[in-house]
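The letters A, B, C and D name the chains in turn, as written, and every chain counts its residues from 1.
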Amino acid sequence: MSLILKRREIPIAIFALVSLLLLADYFTGAWPAVSREIIGWAIILWMFSYVLGVTSLFRYHLTRIQKHSQYWAYSAVLIACVFVYLFSGLLGGVGGISGIPASKAFNDFLWLNVLAPLQTGILSYVGFYMYTIFFRGARTRSWDVGIMMVVTVILMLNVAPIGVAIWPGFGPLGDWLNGVINTGAYRGIMIGVGVGLIAVWVRAMLGYERAFLGELSGGAQ
Amino acid sequence: MYLKGFELFVFAALCVLIYIGINLAKRKPPYVRVFPALEHIDEAVGRAAEMGRPVHYSTGVGGLHDEWAPVTTAGLAIMGEVAKACGKYSVPMRYSTVLAYLVPIAEDLIKFGYDTAGHVELYNPDMVVYAGEEQRALMSAMMGYIMREKPAVNMLFGATKYETINFLGTGAIVGCMQFGGTPRLYYLPVMLATCDYCLLGEEVYAAGAAVTREPSQLGSIKGIDYFKLLVVGLMMISLALALAGSNLWGQLVKM
Amino acid sequence: MEWYIAVIEAVVMLFAWSLLYKENPFYRLGEHLCIGLYLGYTLYMGIDVLLKRVFIPLATGRGTISLVLAMILGLFFYTRYVKPVAFLGRWSTGVLMGVGSGVAVMGAIKPMIVGQLEQGNWFAPGMTGFNNFVMTVATVSSIAYFLFTYKPVGWLGYVSTLGRAILMACFGVTLGTFLLSNIGFPIGMLMKLTVTPGSYVSLLAVAVIAYDVLAGRKRVSTK
Amino acid sequence: MGAKVALGAFPLADRLVFLLFIILMAIPILRPIGLPIPVTDVTRKSFKLMDSLKQGDVLVMCFEQDMGTYYSGAPPDEAGLKHAFLLAKQRGVKVILFGTSTAGSKVYIDAVLIDTEEFWKPLKYGEDWVNFGWLPGFETAMAGFARDVQGTCKVDVNGKRVEELPMMKNIKTLNDITGIWYSTNTNPDMLPRQWSPLEWKGLKWSICQTLFASVPWIMPYVDKGSITSYVADQRGAGEYEMLLGKLGMGATFMDAQSIGHLYGIALIIIANIYYLYTRATKKSASKEK
């Protein structure tokens, strides 16, 4: 019995059944209630799965602390932060049940005044590294990269308000590149991406693509 | 109840053509364009072995529970191959993710990869690093990791968002050999500028199949190409109708 | 806002930015704070949502079979820690993948494929006709570039090269328009770091960096 | 060389690039230059769409943002929110607020509400506007909202059940909603996929407030009409504020943006000259050999 249950065909069949139900609803409007429930499952399952990651992360950092390996103190900070945030949040009220206001206020402080600026700081590297990309990556190694860089410069002058002040032509030229060339090419990319992702789905349905089960892909067995 | 007839036709045509492609390939494997990004994985991992530095891999913030499931699957498939190469050259590897359910999957894949290459003893569960469920946490962990450990190879295949710039920007500064691939349009130029080898757009999906080098998987790529010819045909029909001044196409699509 | 809150905000912002100078203890602290707090936050939200959606309805008798099934599937994830039944976790992954790819395929058919097939009239009056022509050429040639199983020789080679050129122009457009939104983040933060009391913290940071550079010089010369 | 050795493996040139950027950005922030902002047609179109809302129309404002993208999201969203609240007061338009992408969207909504307090203070909560905070599930929540509003928005941000909110009574599906302001910091694909005015007959229009970088991404949708119009980032905010006549954050960002772009172009040119120079010297060196 357990041998049958262990077969990899079962998760693939579950996957196939779930996605076919959703698609049947999409194409014909049959069983909308069923598909809504199943979509709701994904979120619940995802939240249940947090424990898997947390176990892995705690094992990693607790071992570091235990062994006093390099930078172990930071691991201790990390673990402390998890508990401080979690417990102050839980004490402050959870699931619609209200709790201690002071704890809630402290939790809000951690979120709004520590985490929010910190994560904005981390995110702002996307601005800084754009210049790294211009500085390191924007070298015309071949004709096609040359096209890309010329268009990039035109569009930058189109986007910034100062560009139009330098030469009014940057406005219409950039808009044309954006609206015509870009839209046309993007349609081609979009069709390809759509087809490609459906192909992965078909391969997974046929049992060729099994990476999501933790197995290397191979022929159907 | 309703029936989206035209969409169903397009969808069914694609599925059937892929199936035909796979079956034809079992008799005679098709020609498939070489993807430089896949061809150079072995060489890059070999370089990492020479330098004695690890290989870093990530699939970005896209997961299986959302609409990025297919590309994440393709990214995981490529990771399996990278793990094999790492096993072959005895190079430590590190996979970073923000999705907890990917942790066991990635552990299995990496272990399997090292096992296939005959070096299962090198596998260590710490090779999979979970950074919480948020993108910014992943960004900060990755930037710190790359700056500290300076991996020789930095790879990013999957549904990537803003973290693309942080990963590949840090990697470019440190001087990693970089590989990237995403179907998301506005990270493509970033990858093109910072990666040594990258997969553009749908190449990621195709690469997930091509990396196995199996006739049946390659056949699915052939099926996709058949479908694209059909797409061009449909576009020509639409164009002809537009030139004739008819709005039949609009009605056909709504069928 | 209280001044000390503004100081704390400026300090953690500069923790994050310190990596621009080099890898240092402040950044490490910021990094681990970020991961730890985010994880605590995620767990809190997870508990909150699970309570609201699953446990409270089940406990108050408003549960449905669907909820019970979802909970069982969720618990299957934890069978990973029990070797003999570890395979059950894959079933839950199957459901996740089913939903994810189902949503993806649903979303791909209309907007990504069918919606992109329509072509405009080449002979429409004014620029529109010419633009429609260019768009058709751009779409077809970029599709031609992505044909993987045909050798790009002869006329297909020319079309595919044109496709690559057009794709590069498209990437150029994307890269050129990308900068505006991205540098918005550092600019917004600089607004906070240049007004009091943030400016004092920034000056302090500059002083620390200056000290580090000078001390580094000294270390090199004594070597 | 001395400094370089002391600083480790991080190349000095990269750090100079960052330093110069910070200095250049600080100048216009400390001393605004005041460059004019030309208003584009598309922002004007978005403004007109919002302005066409009448008595009893329902506007959904969905914020797929979090505090990390506050500086790119908040300027346009606040301009839109101000407009919506003004319309709610003057014409009796109903406004529904929520976000679906991350739990951070709840905090983001709180933050923009703090900034726009004077505009919603005169309104009645539950009758003129409601805030559902975070509806978890992202695209799945959006799909749920379109088909079953009451089932998706079960409780609002204050813990009130949806049945207790009078304005929600007659809102069952997306067909009961007139317009959508969809603000996103990631992927705009979900909007046309789930909330397309072409598919939902009751829905008249949708405006996508998006990152400037996503504009090429959404252009095909705008062409086809599955997104009606868009407002782009800080620049769109500056323009929208001009049209609304209430200047805010957006206008102040624009000087810095202009300088930032010029700096980027300068770097591209320098990098290419350097690259061509080194290639030429390498070539001549190999010839001599």
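Assume a residue touches a chain if its C-beta (ideal position, glycine included) is under 8 Å from a C-beta of that chain, and two chains touch if they have at least 3 such contacts.
This one's a predicted model, so the numbers in the text were calculated from it and none came from an experiment.
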item	value
Interface with more contacting C-beta pairs, comparing A-B to A-D	A-B
Chain whose average C-alpha position is farthest from chain B's own	D
CA centroid of chain A to CA centroid of chain B, Å	14
Chain A and chain D, separation of their C-alpha mean positions in angstrom	18
Euclidean distance of C-alpha centroids - chain B vs chain D, Å	29
Inter-centroid spacing, chain C versus chain A (mean Cα positions, whole Å)	5
Junction residues of chain A, two or more chains touched	26, 39-40, 42-43, 45-46, 49-52, 54, 57, 96, 111, 119-120, 122-123, 125-126, 128, 130, 132-133, 136, 138, 145, 148-149, 152-153, 156, 159-160, 178-179, 182-183, 186-187, 189-193, 195, 197-198, 200-201, 204, 212-214
Residues within chain D bordering two or more other chains	10, 14, 18, 21, 68-71, 136, 139-140, 143, 155, 189, 212-217, 220, 235, 257, 260-261, 264
Contacts with two or more other chains, residues of chain C listed in rising order	16, 19-20, 22-23, 28, 30-31, 34-35, 38-39, 41-42, 49, 52, 77, 80, 92-93, 96-97, 99-101, 103-107, 109-111, 113, 116-118, 136, 139-140, 143, 146, 167, 170-175, 177-180, 182-189
Touching residues on chain C, where the partner in the complex is chain D	20-23, 41, 45, 49, 52, 99, 103, 106-107, 110-111, 115-116, 118, 170, 173-174, 177-191, 194, 213, 216-217, 219-221
Complex interface listing, chain A residues touching chain C	2, 5-6, 8, 10-23, 26, 37-52, 54-55, 57, 71, 74-75, 77-86, 89-90, 94-96, 109-111, 113-115, 117-128, 130, 133, 144-145, 147-156, 158-160, 174, 176-195, 197-198, 200-201, 204, 212-214
Sites on chain B touched by chain D in the complex	66-67, 134, 136, 147, 150, 161-162, 173-175, 184-186
Interface residues, chain C side, partner chain A - complex	5, 8-10, 12-17, 19-20, 28-44, 46-56, 66-67, 69-71, 73-75, 77-78, 80-81, 84, 87, 90-106, 108-109, 111-113, 116-117, 131, 134-143, 145-146, 163-180, 182-189, 192
Footprint of chain A on chain B - complex, ascending	1-4, 7-8, 11, 14-15, 18-19, 22, 63-66, 69-74, 76-77, 79-81, 84, 97, 99-101, 103-109, 112-113, 116, 125-126, 128-134, 136, 139-140, 143, 162, 165-166, 168-170, 172-173, 183, 185, 189-190, 192-194, 201-202, 204-206, 208-209, 211-212, 214, 216-217, 220-221, 223-224, 227-228, 231
